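Supplied in structure tokens, the structure appears directly below.
In order of appearance the chains are A, B, C and D, and numbering begins at 1 in each one.
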Amino acid sequence: MSSGDSEAARRSGLRTTRMEAFSDGVFAIAITLLVLEIGVPDGSEDDLLGAVADQWPSYLAYLVSFATIGAIWLKHTVITEYLTGATSALVRLNLLLLLVVSFLPFPTRLVAEHIHADEAERVAATVYGVNLLLASALVGLLWRYAARERLLRPDATDRELTALGLQLVPSLGGYLVMILVGLVVPLLAVLGYLAIAVYIIVPFHALRRRGSGVRPEPEPQG
Amino acid sequence: MSSGDSEAARRSGLRTTRMEAFSDGVFAIAITLLVLEIGVPDGSEDDLLGAVADQWPSYLAYLVSFATIGAIWLKHTVITEYLTGATSALVRLNLLLLLVVSFLPFPTRLVAEHIHADEAERVAATVYGVNLLLASALVGLLWRYAARERLLRPDATDRELTALGLQLVPSLGGYLVMILVGLVVPLLAVLGYLAIAVYIIVPFHALRRRGSGVRPEPEPQG
Amino acid sequence: MSSGDSEAARRSGLRTTRMEAFSDGVFAIAITLLVLEIGVPDGSEDDLLGAVADQWPSYLAYLVSFATIGAIWLKHTVITEYLTGATSALVRLNLLLLLVVSFLPFPTRLVAEHIHADEAERVAATVYGVNLLLASALVGLLWRYAARERLLRPDATDRELTALGLQLVPSLGGYLVMILVGLVVPLLAVLGYLAIAVYIIVPFHALRRRGSGVRPEPEPQG
Amino acid sequence: MSSGDSEAARRSGLRTTRMEAFSDGVFAIAITLLVLEIGVPDGSEDDLLGAVADQWPSYLAYLVSFATIGAIWLKHTVITEYLTGATSALVRLNLLLLLVVSFLPFPTRLVAEHIHADEAERVAATVYGVNLLLASALVGLLWRYAARERLLRPDATDRELTALGLQLVPSLGGYLVMILVGLVVPLLAVLGYLAIAVYIIVPFHALRRRGSGVRPEPEPQG
């Protein structure tokens, strides 16, 4: 990159370096704090194995939240992989996404603590689902904003962008359906949230196209 | 950049890379730890929806602190966007800012816990406001120091620098007024702190100048 | 690197920058959260020295977990040192490793709290060992996947790769043996886990080959 | 840097990028976790101002630990500023430093909780001082190792290196004296630890040489 280009980029747009570093920090902390919620009650010495097994709602909530934050992080890296620069508004939209992501440990704890209790279970699953829906919607918004403002690499084809953008719609639909399911069978909704996250994370299409995979070229870091 | 330039920069100034990384880490953790303060009391199973709703002071405190740390982070990225290098004193001033920012979860908790109690509410809002005022003043100091020591990009126009510098004065004034308001109506002060942070975060001037926006040039990362 | 190469790398593979940053974040948090588990019980004022000494299981658990996460981080940096790019599947496999690593504070706490209690000690040591085994296996899998998919630097010799790959087998064997030992003498297993981590961390072969060490060339950062 | 140089550096030494990122993460978390220890006891509503004031040992401990970790971070950035590469042993020595730094929140809490109690105060101040001494010694060791193994920039003059190296001796001496002082007057020792950290952080010599300061050259980031 010539110095002139750099100058131009610097004056009209913002570097995305710090936005990426800050986001990675928040994602990493939100995903790691979840484990603090897990613990056996005092006085479990006599039957620790039973007490550890009894914590399954905590493990489930941990797994769902980890998978969901992991999926959001994955989508976020795809977006920044295509970004050529940032505008003020993009950085702010990203802050809004981080607000929702870093809130997630609270509903995670609600689900972990109240999965046994009938009525409370329903409330916890709904609060949780709404948080997941919001996070997913904000990632989608971030992508659409970046695409509309032409902040994406000019060499990305329309087909690539449409394909990436469309991934977002089924997640939103899935969360809406699962929130409704959760009003009747809360546990099923939580399993549904896990299924959505796993669906985003596991690269099924990559598995299918396995034989024809393109090898990445060597790319020196830094 | 030629090797000679690099050498010169290295000997007389410090790279800002680690100052940015360390600051991003502290900001990210301070902003994410806030959620640990939120929780429903034990024995809320019977009316979890009510218990979740009763936590509104926690959500408000979370939102205000998140918005404030987000706003400080934004200002901080603007400063480092213009920085060409760091001096020993700048790195130390930055440490002082991080001291104040990472202290914020404590007054946040004070506000969340005591918003109902008459006298305590006043104390909590004041301690909180003083912390926010200090953080804002230190960001301003950091900017002025960098400008005075000519650590900013030589291609930044005086008009740009003055415009950026002036943003700091209304925040400080706003915090001072709100601290006084908080002595009478604490809750109003907390809402005022939120308004100040939102005012800094939302790029109103960008919204107004929308039609004439300049597109950022593609800038390869790294 | 020419712009064309960059383009090619960008389209067929992913940059590893954010995978490294996110992983460093999770490793750093998981390794630092461990200290939150350590504390003396309330009312230890009369004999604080005794109370501090009584916390030895906490210190031991802290040390073992710190050493293990440190060892995994070390292996991880060796892998990314050789990586030329990432595939979707590699990023996902890495997420799975982070899931297991960030879970570690929970069994660490189990060990710290139950080392005195007979039966519970056995359960805690086993849960802990299984977690360590899983983490170690996933690092090995990550390495083998990267080698098989030819994501490693083409200039790395087969001998280097085999040597690095073989390091993984003794760890897995060691963990399996120690899990079995832990069913009889749990404390011995915990000390064994420490020994495995120390064995990975301390560069014995480097110590032996000391005289013939090659000096690294100067490498400007960034 | 030519590709051949890069190759050479890569094969014989390790990049310091991830060591820096991981260290920044651990430092940032250790320094931010300290605030979690601060809180007013339940039932302080009636006199919150008094309760907030009563927490002064917590604020003091927070300040001392923040200043100390900040000082260690500063020294660490100076070291990596001069580093041209890393060896296996340097990365491991760095891990040992991080072990000691991330342990610091525990003795910090001990000091904050026991500053009122006579005997306990002495124990807490001593444990705290030993931790600070160890951290300081390990930073010194890191520097000496890097200097001895010729991992530092060849353009650094012997005078620079000696000057930097000598800074370490007074800190160690200071900590030793203060640990002994703490056996008699614990609070004075804690204030002494603060003085040592402030002495390292505040660039007194820079203040003295103010008039003759050299301006850093512009250095584009990235």
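Methods note: a residue touches a chain if its C-beta (ideal position, glycine included) is under 8 Å from a C-beta of that chain, and two chains touch if they have at least 3 such contacts.
Only a predicted model underlies this, so the values are computations on that prediction, with no experimental measurement involved.
> Have a look at where chain C meets chain D and say same if over half of the interface residue numbers show up on both copies, different if under half do.
Homomeric contact, different residues on each side for the most part.
> Let me check something: if the centre of a chain is the mean of its CA atoms, which chain is farthest from chain B?
Centre of mass proxy via C-alpha means gives C as farthest from chain B.
> Just how far, in Å, is the C-alpha centre of chain C from the one of chain B?
35
> Can you compute the centre-to-centre distance for chain B and chain D, using the mean CA position of each chain? Integer Å is fine.
Chain centres of chain B and chain D, defined by C-alpha means, are spaced 24 Å apart.
> What residues in chain C touch two or more of the other chains?
6, 15, 17, 21, 25, 28-29, 33, 36, 80, 153, 220-222
> Taking the touch rule as given, give the residues of chain D at its contact with chain B in the complex, in rising order.
20-21, 24-25, 27-29, 31-36, 38-40, 44-46, 48-49, 52, 62-63, 66, 70, 73-74, 77, 80-81, 153, 155, 201-203, 206, 213-222
> Which of the residues in chain B come into contact with chain D in the complex?
1, 5-19, 21-22, 25-26, 28-30, 33, 36, 80, 83-89, 91-92, 95, 98-99, 102-106, 109-110, 114, 117, 119-120, 123-124, 127, 149-151, 153-154, 221-222
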